[in-house]
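One chain, subunit A, appears in both complexes that follow, with subunit B as partner in the first and subunit C in the second.
Right after this comes the complex of A and B.
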């Protein structure tokens, strides 16, 4: 077949698929501008756009508080997970012999674990710790649940760092700890960046843990709060759509700003996971 | 410290140095110190709960009162109860949508375009197709609930092209609710699969295609003998990721249908949640959780084996 025609067809197909990807967002947007409490049509520019719906949704959803809650959870989860897994990745790749492969394999065994498989005992564990309905009920389990992927990710990075570097640092008399901070961590910055982006997204969008472990939507992640918002305002389509879009806005803005880094992280994350 | 004793220029020592220093007691302690925090977090919030899940799965327990040992009864229920079997079956039906559609379309796009997507078009494509990956699945569920609603875009479209009789409340329909949920998953995963496959195909040596053409291969032969084998790894990644998403689905179903109508769209993840926290059947919920974990492993093992083994 004519290569040019083929490529043109492919582009046409991609454009159609991009349209399909965007339609739900556009449909939500048009519905969000309809008068609150009415039943709008799927995609229809309203005669009198009600921008006020966004203001109303901002207040009803308590967006400021939600943003704070999600941010606190991300701040609690991501730096600790990244630090702890970077250390473990370094330890497993550079400080242990093949005898300790089993340790790595135990970590990796958790890679495909569905969160649902441990959610019931997590509930009782978190309750026993007295953390139910606090943000720590989400933060602590997530750190543990992220370990398989994070350790796997960082170990894969450190395996590719040439031995000479370690040896050079050792010759300079650096302790392992000093070498780790001064030599290894700066070099691992790209891997750490991608991991941080992925963990940020997964935490922000985490739904199962907040739904089970935290009753108050104001202590939840964005996704968990969105679930509660739908439960409360599900019948008011314009308000629901406006609120959903507002809750989505922070991630979408971040994504558009750091589009390249996000896409790279997500693609590598899929390949390695 | 010990390393300084090895700084001699004798090259033979280089080879023995690392293993020896790795074996020493102090190094082992240092290694453990680096690994311990991650290991503790992992043990405390994954391994211990997992063992507890296994333990609960042998109990008859309402989560409050006294637990009784129940043997394998919970597992027998999971594999014989018609409702639970249908629920497990539902998740495998979802695989059809979550996996087959994105991978199929991804292959079609990739093999047609077969070149790097650079420039503004490439950036726009990447950005838009990745949007569903960035938003929470809950949001995808809400957006599509609205798309499928009786006055939503899907029905609006059908009415516009004269298929009024097809318009319906898709998510409440006994026949179409599950496919409708499946299409939400396909929508979410489509972009990721397309981008992975398009990137993968640019790594195939173009001379392979020229050679195939010289041998008189038609488009299908090219696809079958050059594209497919060349994309083996990427296809493996897409299939693995999407199968896990389908079998362990929770967010989308919870938001879009709540498992209904009846149990037509209920999946194991949702049923575990319900059994454990609404019906207070912790033992049965745990048995289903263990079965789900094993099903995920069994389903992706052959994919991994098929796509990694041959090189």
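Right after this comes the complex of A and C.
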């Protein structure tokens, strides 16, 4: 096979793959434009596109309030998780000897824990704390649940920072704390950035936790609110599709804005397991 | 500025002792080079002085101060790392000024000092660049600048030139020499390259297996190596080592011969040598002369013509080889028979345990 044909084949495969990826979105989009209350028939461009469905969905689902709620939850989860895991990752990578390896193993063990397995005890714990039906019922457990991965991620980064830099900073007169803030954190920026993006995505798309721990849809994440939305408008498929697309929009916008960092984050995952 | 005193310094990792009791005194302003093969403990020793490595036993004094339990930042030492260890996210200016910034030095004073250092190291035009935009030699300069700007009592260098190409290494070596002369500071330098050691040092400390083999000036080490290890390590090409037997001893001379070397008489003042005992004869390649009446005979295997000298390798009759550096240009060819003599006063003799006689 000559090179030109090979490259053509590769391109064709990519186009097919792209089509497969985009198909659900397109189908959702076409359904969202169908007349409210009807049952759209797969991928089919409606004869009379109902753009008003988006406005309706926005109003009915109180999308503005949901956006605010999601943002509040993200703001509550991501910075704290990143800060704590960066410090823990640094500590585990640079400050502990082999004697304390078990500390790290506890975090790794957390990675094996399926999310769904802890949801029932979590419910009782959150209830005991008196946080049920508040946003903290989502924020605090999420911070905890993200720790194993985040610490693992940051530790992997810090392990790769040459020991010489730490020693040079020590000789230059830096305390551990000074070295962490002035040398390690600036160098960890790519890792922190990619971790932030991943945590944002996971928090934004969080569904199970909000549905179980928070009754009021307005206190949930957007994706979590989708559950209530579906219950209320279960029969109105076009409206549901319009709502879903709007919930997706912020992540898509973010993706377009931070495309490069997204790819870097995924690549990093590929290399570091 | 200050001198340095090491007393019975030891270091163990678990049951493995890597530094086995080093005593060393370094005067203020001295340039001392730790040299030895990989794994001999020279870098560990340097890192112990810096405070980056705990010591298992002994005392380290910098100036009059016992620094065993003093943090690296409070020891008054600056170190240049083999990897340069520049902060990649900072410009050269910030890299050099980092220590001053941490010490909360006034901004104007800091700026002045950074620029002074940049001038000394001829890197003023590099100040705005990041380390990634610098060549190896430039990075090395910045690393040295970062050390100088702190005006430390002692400079520590951990194989600073080993990542540079040969030509640059020679340049940087000269620059370090000049810097030492200008600053008059105490400098400790670790290398496995004996040429660096010979050219830079006031005093060389030869280490092997965590033990100091010999301390002395470069020429002392070259002319009077304390043992076979030092004899083999210092000098290039390496010293030739030949087993010999003592035939007879007289006052101030002994007569020796071996399977590969004919009977010859050497000056030797040692009274403890008995006729019939075995010794080791060390001959530097430069000690040889082409001499038809010479005591070593063999077949020429390799000829390297360097212009000012000719290096030849000859295979003796017991299959051992000897390297000779003959002055000037020789017309020997591989396959020829060569006969070599040597100046008796340039012969080194070692006893059965490898110590110099």
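Things to note:
Rule of thumb we're sticking to: the second predicted complex is superposed on the first by the 259 of 273 C-alpha atoms of A that agree within 3 Å, B and C clash if a C-alpha of one lies under 4 Å from a C-alpha of the other, contacts with A are read in each partner's own complex, and residues count from 1 in each chain.
Just so we're on the same page, a contact is a pair of C-beta atoms (placed from the backbone, for glycine too) under 8 Å apart; a residue touches a chain by one contact, two chains touch by 3 or more.
Keep in mind that what you see is a predicted model, and the values were worked out from it rather than measured.
Residue contacts after overlaying the shared chain place A:58 against neither subunit B nor subunit C. By the touch criterion defined above, A:183 lies against subunit C but remains apart from subunit B after alignment on the C-alpha atoms of chain A. In the superposed model, A:21 lies in contact with subunit B only, and not with subunit C. Contact comparison for subunit A: of subunit B and subunit C, B touches the greater number of residues. Looking at the shared chain after the overlay, A:29 reaches neither subunit B nor subunit C.
Of the two partner chains placed by superposition, A:258 touches none, neither subunit B nor subunit C. Legend: residue contacts after superposition of the two complexes on their common chain; A:171 is shown touching both subunit B and subunit C. Counting contacts by the rule stated earlier, residues 167, 170-171, 173 of subunit A appear in both its interface with subunit B and its interface with subunit C.
For subunit A in complex with subunit B, the residues that touch the partner chain are 1, 6-7, 9-11, 13-14, 17-18, 20-25, 27-28, 31, 39-44, 84-85, 87-88, 90-92, 95-97, 100, 103, 106-107, 110, 112-125, 140-141, 143-145, 147-148, 150-151, 163, 167, 170-171, 173, 176, 180, 201, 204-205, 207-208, 211-212, 222-223, 226-227, 230, 237, 240-241, 244, 247-248, 251-252, 255-256, 259, 262-263, 266-267, 270-271, 273.
Looking at the complex, you find that subunit A touches subunit C at residues 162, 164-165, 167-175, 178, 182-183, 186-187, 189. Listed in rising order, the residues of subunit C touching subunit A in the complex are 50-52, 71-73, 77-79, 81-83, 85-89, 98-99, 102-103, 146, 150. Residues of subunit B touching subunit A in their complex: 3-4, 7, 18-19, 22-23, 27, 30-35, 37-39, 41-50, 52-53, 56, 63, 105, 108-109, 112-115, 121, 123-140, 142-144, 146-147, 149, 151-157, 187, 190-192, 194-196, 199, 219, 234, 237-238, 241, 244, 247-248, 250-251, 254-255, 268-269, 272-273, 276-277, 282, 285-286, 289-290, 292-293, 296-297, 300.
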